[in-house]
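Below you'll find the structure I mean.
Labels run A, B, C and D following the written order; every chain starts at residue 1.
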């Protein structure tokens, strides 16, 4: 029984079938990996570059970054404070979800793009205080619509920067490479 | 294969592939499963990821400790003591810590409910308008004297509101009750204070300032009156900063957590506390010299020694200790008061303090300061008053019963017959936050907010030198569709019209609160002051209440405390059986903690048992009866019986057994239900002279059942008791 | 190197001087040569014999046990957590570690029999080196299962392997567990190699005598071995190197396993004698297991009574007796020093071993490991009785399992914090443990069907070297030096 | 550029005079055993509750437990002073060297024994080797039914099955206080913050602070002569001092 299957596989048609199967599996896997790397779908195609072009500072909408662990999303009231004075808000299809959300009082369901795992205790404030700029980690927002992550936030990437910024300062290196600085 | 492979299948397969590679690579798609909602309007002073702290009042018991609750993004994360509150000075007990497990308890009543049949599980959800209509109808369609409110010992603002309503409309005055109050025997304490000092008030014992403390059954480190404040006092007694390390002697038949901290633990025969106190008084007076006070005259120490089972030498040694110190303090409490002679015990022990003449002095006895907006001490109903009330219910004199903050079906001894009497009440409306036994027997449940979602205040009855009114404010917005009972009553009173409407002419609970608190605005000596009411109320909330800066404890007028007869009779015990029965409140669960999983998981301080009820029995006795650890025994009293596993407790008299109160719920959520037993089922209707239940005045029988139920202990039976280690070398 | 036939002086048979030639031939495999072709056919027959229905019943039963006990239970444990096992505070390690040590112990017999006896040229080893080496490899597989099962997050086990990573973290070389992992991996690899090398001539033989998939299979395994002088020389060199090299590996592995315990700061564990004690213990259980396996092989497979004879049981029986004595010595030494040390916790623990709720196990251990072997193995007649020696072997294994059970969960019950003392009650460890045992037997059963269990070339080589000579009326055995 | 290999791990040698950084003093004489610290710890550190069966089988997750024994026989029986046991944050910890994955490591910055949950593979060797038996293992994924997870402290990782955990001296509070002090350009002041257990303790039996600062409250208290450190003879250099009192 098994032998007949092997025999069938050995003939040209069988070899083609094996080839197709392997190719299919490969492409499925490749597609699977590809999908994981795609930006998630957002409720609003928020154009960061437009806002940056108006000269709005990052901290205007994400003030938490200089004060504590989370940068935070701006409240809808904050969005509306400007947008209800902009005529385009009434007409633009892109802005319709914002208008609807604010007027109906339902929160917009943003999908975070920059995330660290839950076992990492990240603090924005310390990084800002150490002289890091937003774009060092989050990329140049004047070039993107929806925020994208130019880098994967993995431990090697964090640690690399930590070790580099410590330089020759041993005490700082101890602090910045201590497991307990980020994991507890 | 190829012709059957549709695009849809491919996509499915791709999905599986994506999920697999997601799991394998551990990155990428995590972001896809998370949604973040921004604030509609960011609250003031808030930033994402940063905590906001609110001051409020703990509602786990009636002591009124101030809390600071840490909230993050509208969720309550952690409770800490309010360091400003003079009662607890930044400290909490375990129950205060676990209050969050009440707030986020999975079994809360989530919306107003109408029950199809009392005791049944079938309910229909209502909206609040309908609920208010039900309350309004209940108020309007019944005679005022047929309406009764049964309330817990907290919160006070609601009690004030209902009292006002009752006063204005002729309704029955609200009755307050709590199992904690019953086991504390508050009525006995205040009655004894009245008899001795002429003032019915709650005594306050300055443990921290004393040098020698004799406690007759008072379990002040556990649940008694104000455990956090008394624990601070105990630390003061022991800390040798400015004085010698204070000595502490505990007289009780079963070693409580408090007794465990005593330098000397005296296991006297239950019922002989008054006798022993008077005998010590006599011996101490002899040592001190001078005329023998009348109170001690007729006591024979030898007789006391033989009746109580304490050696005469021990009595003499204790008397010497008491007489030899100029900071001796004697405290009556707990099971010693819950006996037929409880009042005599309280008087005898209070009188003992006259020897060291410590009334109104540091390290002595005071009468508690009244809270800032209080004119006289209001004690909760004694068990006897509850019995009268139950009788009234049974007689059909109560048509509508409102229940808030108390669970009489669990907390009252079954023998009082609340369950039967409630059948004669045509309408029962419960405001329970949790689906407790009483809510289950109610026709309607209109859930109140959890304490951390509520406005209010609590008067500190005792424990603080300063008068304190602890303020409560919501620290989070209500999680479920619940509504403040005060709001419901105000709205219903408006709807009912007439005297109801005029009694509660408020927009809502907050307006009522403002009215009550504003009276304090003009005071000079207050912790906060403000020129206008909004500012004052803001401070009131910010600081977690209002307190005066002065020590307003009252020195008792004890001129002739010793110049009176005090009965040295030994208590009478009801029922037949070879064992004295001591029920005590579980220090970790208290009366309402059983539904909080982390309180269940806390080991009992004396036995380290978790998640269950046990009966404590002396190992020698048990050995004679052939009973071992974890054997289930049947305890039979004249009022009832129950089956409970045995804990062989080395520090209990051989003729005594003890069961903690706190478990044995038949409702109250998944963590409490059908767990352990309720010792209140064993209690008969016996009262002391002050009307408190003689809960420690029973004798019971113990029978083996042959079953075994291993208790969950934190301790090791091998390491602590040497059980299972093998015989000794 | 060609055979260099030198006549040795009266070799080990002096005492048999009085026996007839027939007697000696019947008794000793080495003196009872058969034609090569016939012997090869016998081995092939025993391997290719059509499995009886009993074989299938046993195999499917074992497969079911493995599927449920090992894979399903383990899967459940991975999904639900170790809670379904019996481990707790303070017995954080339970039967998992008992089984790990046990299986590593079993695996020691293979190397001992095959490498040490080979190095010391113990001639009786020849027919059963293969059977013993298979035990090594299969035992290590079970040990691996047991240790991975015990991990809380086994899916991250690869973190214990040193590999360069962006986290800049390597395994902790301070940890005995890291040494353990390295040692066991080394042992598994080297013992597999050592199993494979002597197998080459035999699979080459099998290749020449089989058809179908077996031919392909053996062809692949034989690596083109044709038996030329050059190939033999290389093979012998390789085997020699491995035989010598694997001995220190074997000693180090169980020493390192013992350091898991000895390097810890626990009463009863931190004992300096644990290294040799564990090795002797491993040999004790390993020899017991080996002899039991031999008895089973002899009883169930065709022609095996020719290859495995009373003399082999007798020889291993003697070894077992010696090892049992050595074990008793080390046990006493360990106990004595710990007791004499006078540490209060250790004394408490020793008392707990004997008088605690599991005290019966302590006495059973002594009976199984000392009393029974000594009582039975001193008698040459009993020693040559396969079923009896095999039973003793199994009893020793039970005893040694008890020993490990006493060392791991029972000793863990007692520590320096009496408040936490607690007994251990196994949960899902039991199906898992039975699963590893079943898997071991199943692997052996499968192996017996696809690998020549008797190293034919080794037997033939030995038989070539042995000769019966007559000096007057004396019949003496002469053994020629082979290499 | 400095690299991680420049860092010496476990620099402390046995017997060497060692001062840690953070330490605790516990007065057993005034500890009433009320369990407030246990509850506070559970709330602060997202401890799971395990239910009746598991808790009775030695699987409770308490990071701090209060031990009590008995002395004497009835009627002269006494409860020994309550003894809160938690991770002693040893200067030379026995748990650290035995972890094969470096999941429990010594923090050179804070002189604490860290437990890195995400690195833990669950060999449980550390717990075996802890002479104080203060580590708890996540034997299962213990259930927290909705909405109980609302209470979880966002500053502390929620552990899942297969991971070891233990008292951290509330390292999240240490970091928070240090971060706050740094943002205000100052050092952390003694008493500015404390651990959850010490903060809750109604008797004030637990004092927490810098043991390397001779002026701190905890150093002052530790100087009192009758303090003991548990199992010091093992050379673990524990950072918790106990007063037996009485």
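Operating definition for what follows: a residue touches a chain if its C-beta (ideal position, glycine included) is under 8 Å from a C-beta of that chain, and two chains touch if they have at least 3 such contacts.
Everything quoted here is computed from the prediction, not taken from an experiment.
The central chain here, found by comparing per-chain C-alpha centres with the mean of all protein C-alpha atoms, is D. Centre-to-centre separation between subunit A and subunit D, using Cα means, comes to 36 Å. Inter-chain centre distance (subunit A to subunit B, centres taken as mean C-alpha positions): 51 Å. Chain geometry summary: the mean Cα position of subunit C and that of subunit D are 45 Å apart.
Rounded to a whole number, the gap between the C-alpha centres of subunit B and subunit D is 31 angstrom. Residues of subunit B in contact with at least two other chains: 49, 714-715, 720.
Those residues of subunit C in touch with two or more other chains are numbered 168, 417-420, 422.
Contact with two or more other chains is made by residues 3-4, 57, 65, 67, 69, 102, 119 of subunit D.
Chain contacts here are complete: no pair of chains fails to touch. Across the complex, subunit A is touched by residues 1-4, 6-7, 102, 105, 107-110, 112, 114, 116-119, 155-158, 168, 171-172, 175, 179, 182-183 of subunit D.
Residues of subunit A touching subunit D in their complex: 117-119, 121, 123, 125-126, 129, 163-164, 166-168, 170, 173-175, 177-181, 183-184. Looking at the complex, you find that subunit B touches subunit A at residues 1-2, 10, 13-22, 25, 27-32, 34-42, 47-50. Those residues of subunit D that touch subunit B in the complex are listed here as 27, 29-30, 32-36, 38-40, 42-44, 47, 49-53, 55-57, 60, 62, 65-70, 73-75, 77-79, 82, 145-154, 196, 199-205, 245-246.
The part of subunit C that touches subunit D in the complex is made up of residues 80-84, 87-93, 150-154, 156-157, 159-160, 168-172, 174-178, 181, 260, 263-266, 412, 415-420, 422, 425.
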